[in-house]
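See structure below.
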Amino acid sequence: MAKSKVAIMMGSDSDLKVMNEAAIILDKFGVSCEIKILSAHRTPKDTIKYATRAKARGIDVIIAGAGGAAHLAGVVAAHTLVPVIGVPMTTEHLKGIDSLLSTVQMPSGIPVACMAIGKAGAKNAALFALEILGARDKKIHKRLEQYRKKLTKSVRAKNK
Amino acid sequence: MAKSKVAIMMGSDSDLKVMNEAAIILDKFGVSCEIKILSAHRTPKDTIKYATRAKARGIDVIIAGAGGAAHLAGVVAAHTLVPVIGVPMTTEHLKGIDSLLSTVQMPSGIPVACMAIGKAGAKNAALFALEILGARDKKIHKRLEQYRKKLTKSVRAKNK
Amino acid sequence: MAKSKVAIMMGSDSDLKVMNEAAIILDKFGVSCEIKILSAHRTPKDTIKYATRAKARGIDVIIAGAGGAAHLAGVVAAHTLVPVIGVPMTTEHLKGIDSLLSTVQMPSGIPVACMAIGKAGAKNAALFALEILGARDKKIHKRLEQYRKKLTKSVRAKNK
Amino acid sequence: MAKSKVAIMMGSDSDLKVMNEAAIILDKFGVSCEIKILSAHRTPKDTIKYATRAKARGIDVIIAGAGGAAHLAGVVAAHTLVPVIGVPMTTEHLKGIDSLLSTVQMPSGIPVACMAIGKAGAKNAALFALEILGARDKKIHKRLEQYRKKLTKSVRAKNK
Amino acid sequence: MAKSKVAIMMGSDSDLKVMNEAAIILDKFGVSCEIKILSAHRTPKDTIKYATRAKARGIDVIIAGAGGAAHLAGVVAAHTLVPVIGVPMTTEHLKGIDSLLSTVQMPSGIPVACMAIGKAGAKNAALFALEILGARDKKIHKRLEQYRKKLTKSVRAKNK
Amino acid sequence: MAKSKVAIMMGSDSDLKVMNEAAIILDKFGVSCEIKILSAHRTPKDTIKYATRAKARGIDVIIAGAGGAAHLAGVVAAHTLVPVIGVPMTTEHLKGIDSLLSTVQMPSGIPVACMAIGKAGAKNAALFALEILGARDKKIHKRLEQYRKKLTKSVRAKNK
Amino acid sequence: MAKSKVAIMMGSDSDLKVMNEAAIILDKFGVSCEIKILSAHRTPKDTIKYATRAKARGIDVIIAGAGGAAHLAGVVAAHTLVPVIGVPMTTEHLKGIDSLLSTVQMPSGIPVACMAIGKAGAKNAALFALEILGARDKKIHKRLEQYRKKLTKSVRAKNK
Amino acid sequence: MAKSKVAIMMGSDSDLKVMNEAAIILDKFGVSCEIKILSAHRTPKDTIKYATRAKARGIDVIIAGAGGAAHLAGVVAAHTLVPVIGVPMTTEHLKGIDSLLSTVQMPSGIPVACMAIGKAGAKNAALFALEILGARDKKIHKRLEQYRKKLTKSVRAKNK
């Protein structure tokens, strides 16, 4: 079985600090990922080309972070059948409620799996990608079980 | 000088009733328009092709109406330098605030001129297109002056 | 390979009309699903038992629809590593913005994949589940390609 | 009569600074409380066990603070008949409007008493718990009367 | 022990249909209640008099429903130490988000226990009052246990 | 004719910095004002007494600033026929949208004149009070004309 | 003393049904009013002329109702020192939250007294105008006292 | 052909820092612009005079930035047929959602082309003005093509 691979896309390099949280988690789980700055608006052709070829290039899940009129996840989802997870970035003025609605309110036919705004969303995007991959890769599934146990332990430890 | 031409695009035929308000106004002003159902998500390639060729095909202004995660105007604007006017459609649950934010909060670099939600927005999109065209076509400018006068008169008439 | 199976859960039978949209799509794709009324608040033990056993019972994806303080998807996700897709139901007063925020703003560690409010969300939940399943089941992937093509065709047909 | 006892739960130790306001007030009134970090998502089993046993362990009121998709108060309320008071924590991006709606919009059948976002809410949660306890414990009731009088005096003092 | 008694107040008789849901539940549990139309704005003196005397008159819990700039619960809470539960009424234009914020965002010192907007909130107000009363009245506590069991059963029944 | 007098009330001394903007303007216009910390919740009796006697004590206009579940202006208005101007204070979490809705959405019968959130609102409350007083006091009216002229001049000066 | 006179302006005749509530109240109090359809956008010159001359024509208070980007009250206030009361009309899509913010969030220097959205706001605008006029017209003040008493009585009557 | 000219108006000099982003872009494109501090509320006559004469003075496009009850763009649009682009300024409390709704929700008849809140909106206003001007000025059109290419390149460069 080919190794799993996740793509992490974002509309601007200013999103990198947030989206890197996803990369860190994938890395911890030993899942390779490629990070791409690709904008639905500023590099639309590159974005579409990347989305269109993702499947053939072996990408299993795409994580797309964008802010404001956040079209990236939706545009990518329109050009591929690889599952697309959207992460709404916070914004200077509306604090990400614009990004959230632009990402989650997709019309029927083209699904995007929306996560929470910001870093929690980026982390969970990676974990959700791992849950998808874990269905066919027992190693990943095992690590997810361990991750959850650690999570539980770290909360329990705080009670002392 | 070639005749002015406006494109009216919308993401779904359910938007036709609202967007037709734009067509009616353009028609009254003798400006030809073509109406297209083109979805950023369901027919992304057609949409991009249409946007890319719009200039060469003689389109002077594009009016794009879409609802929810309303990516149409933004996606079109990313592929053309023809001015794009966005009309946020109302939505079943969030009443168009999702469409509005998805249309207006464009990142710097790719402008979309956003109008009000629904029919008022569709009408104003046509009038704004006519203001753009009126700059070089005196006939249109004249008619706009007459339109405003009529508007004023109709309000005045109601006072009696 | 065992047949794929999707669980569709909802907090109340009043959500059935909306969530049935997911079942209809899964049915069209020949993927079996089981529909369960399970409330995070009114039948918490049943819900947790169901979530905990889902994996062992062969459930590949869980779709959970709930409204208001919509805790169902989050509670289920806390008890399983099966991917959980949340569908915010519309609500009488706040029209689903409460359900949306209660579903999407999950803390880091426990991901829920949030869809749009209402029927569009329910349909897309099924399609997203199919994209997950399609990664290992070529028949489903093929049908998704056909579904997208039909989608495109149906939009194109409306232009005539 | 057994001594009154209040439980203060929170989803994360980062909520401690805010929720401590409740503990300080209970302490001033001589009511013992136990503080627990228990997450509806990260330690769901511990949370449920705690909620289920609360009554038998002599807990009279439960105060639960959580942020974002704030499921803690609702999940606890689903497993006990001890009155549950919810305190929505502020959040980085949406400033607690997500926590508020996730806490207050409970479905009929399982009540949660929601307080204001943040510290004011935490303080009032303690005072509301004391009002509940004061009904059967005259000492607490007396102290509440004194507390109100002091409140009034402190406002009056500021007028000088 | 004196019989428990709950007061149900509302700002306008147009709220009666919603607030009656609370009365129905209290009635089912054999807890007597008195229903009062008392407005924080239109009958402020009556409201204050009622709040001030509630304790002495044997009222154990006050449920107050109001809409818009919903000051009723807060004003009542300012004049009594009897626990006050607020129910935000839906409003014609803002659908109760105004009532919700006016009820829940109380300043520290004067707590109001806020429920969900509308009927679900009214029902839960009654159930929360019963939880408070159940602490010292075993019959009420028993009935609450039965109520929860029935709730669970009714959801379970729907699965068939 | 008796000298005009304006009362400036606020719920907490933390509002003083903002509400002082009103006092500064009244002072500039030579209109005397009295500043009172009076809370609808913490000193309800003092507040009502003050409101009830305002007219007899020669108060011509009342300006009331409050935040969160901002009941002050409404409660005062319920006890007097002196015009009440409400100023919504900003709040830590919801930034004053709670204060605004709690102040402006008054039920029919008891009007409150709501200003903008924060300092701009406090200043305008004073100016609106002066417009009311200016109707019968020509000196005030004259000064308002001068104030407007200065406003215009200061904007014009900035163009250079 | 000259008779008091109130102007009721509105942006569109579709607002007449709502704004008429103000006229009915003024009429009951024997205060004459003139109703004008004057739009800040469609008849800007007429609007400004009317505002500029209002004082000289004996108008004591102006009530201005408008919806959406509701500029009417603000534009009128910019051209007169007569007190301007703004009434936000409900809107098809955003239900008047747009009108409310456009009316209330005036910059410092030019005050508008904002009322609630819709009919309650229109009624209260008239009552607030009467409170202003009542300061110098004892008959109006008397009637306001009677009005409040009736209000109280009507609420009391409903308790029986 | 006369040289193109764009007017940049703003309600207050505090908006200058944001609106200057538009001037910088126009300057880069060699399009002359004039910057004016003109307030719909504080200098209404100057504003109207400027708007009325804009066309005759050779202004091709007007960009108007304002915050809060942002009436500037709408008031200007009411007095001219020159295309008006509105830029909602951020605000201290509501972060520009008030400015956005006040700018975008124009009634049918008088269009304003609304951009995003803040700097992104100011930049895009200039770019949209250039798209309008580019239709008849090939040099501008060429430069816009180059601008887009640079935009694309700068995003691509970040991938390395």
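Miscellaneous remarks
To keep things simple, chains are lettered A, B, C, D, E, F, G and H as they appear, and every chain counts its residues starting from 1.
Note that contacts are C-beta pairs under 8 Å (C-beta built on N, C-alpha and C of every residue); 3 or more make two chains touch, one makes a residue touch a chain.
Keep in mind it's a predicted model, so treat the numbers as computed, not measured.
Number of steps on the shortest path from chain F to chain G, with steps defined by chain touch: 1. Think of each touching pair as a link: the shortest run of links from chain C to chain F has 2 of them. Annotation: the chain B:chain H pair of sequence copies touches via predominantly the same residues, more than half of the used numbers being shared.
More than half of the residue-numbered contact pairs at E-G reappear in one of the options A-B, F-G or B-G, namely B-G. Inter-chain spacing, taken between the CA centroids of chain B and chain E, is 50 Å.
Centre-to-centre, using mean CA coordinates, chain C is 33 Å away from chain D. Distance between chain centres (mean CA atoms), chain F to chain H: 35 Å. The set of chain B residues that touch two or more partner chains comprises 12, 39, 42, 68-69, 94-95, 97, 104-107, 109-110, 112, 116-117, 120, 151. Of all possible chain pairs, those that touch are A-B, A-C, A-D, A-H, B-C, B-G, B-H, C-D, C-E, D-E, D-F, E-F, E-G, F-G, F-H, G-H. Interface residues of chain C facing chain D in the complex, by the touch rule stated above, are 11-12, 39-42, 44, 48, 67-71, 74-75, 77-79, 91, 94, 97-98, 101-107, 109-110, 112.
Residues of chain C touching chain E in their complex: 12-13, 36-39, 42-43, 46, 68-69, 92-95.
By the touch criterion given at the top, residues 90, 95-97, 116-118, 120, 151-152, 154-156, 158-159 of chain C touch chain B in their complex. The touching residues of chain D, counted against chain E in their complex, run 21, 60, 81-83, 85, 100, 104-117, 119-120, 123-125, 127-128, 131-132, 134-136, 141, 144-145, 148, 151.
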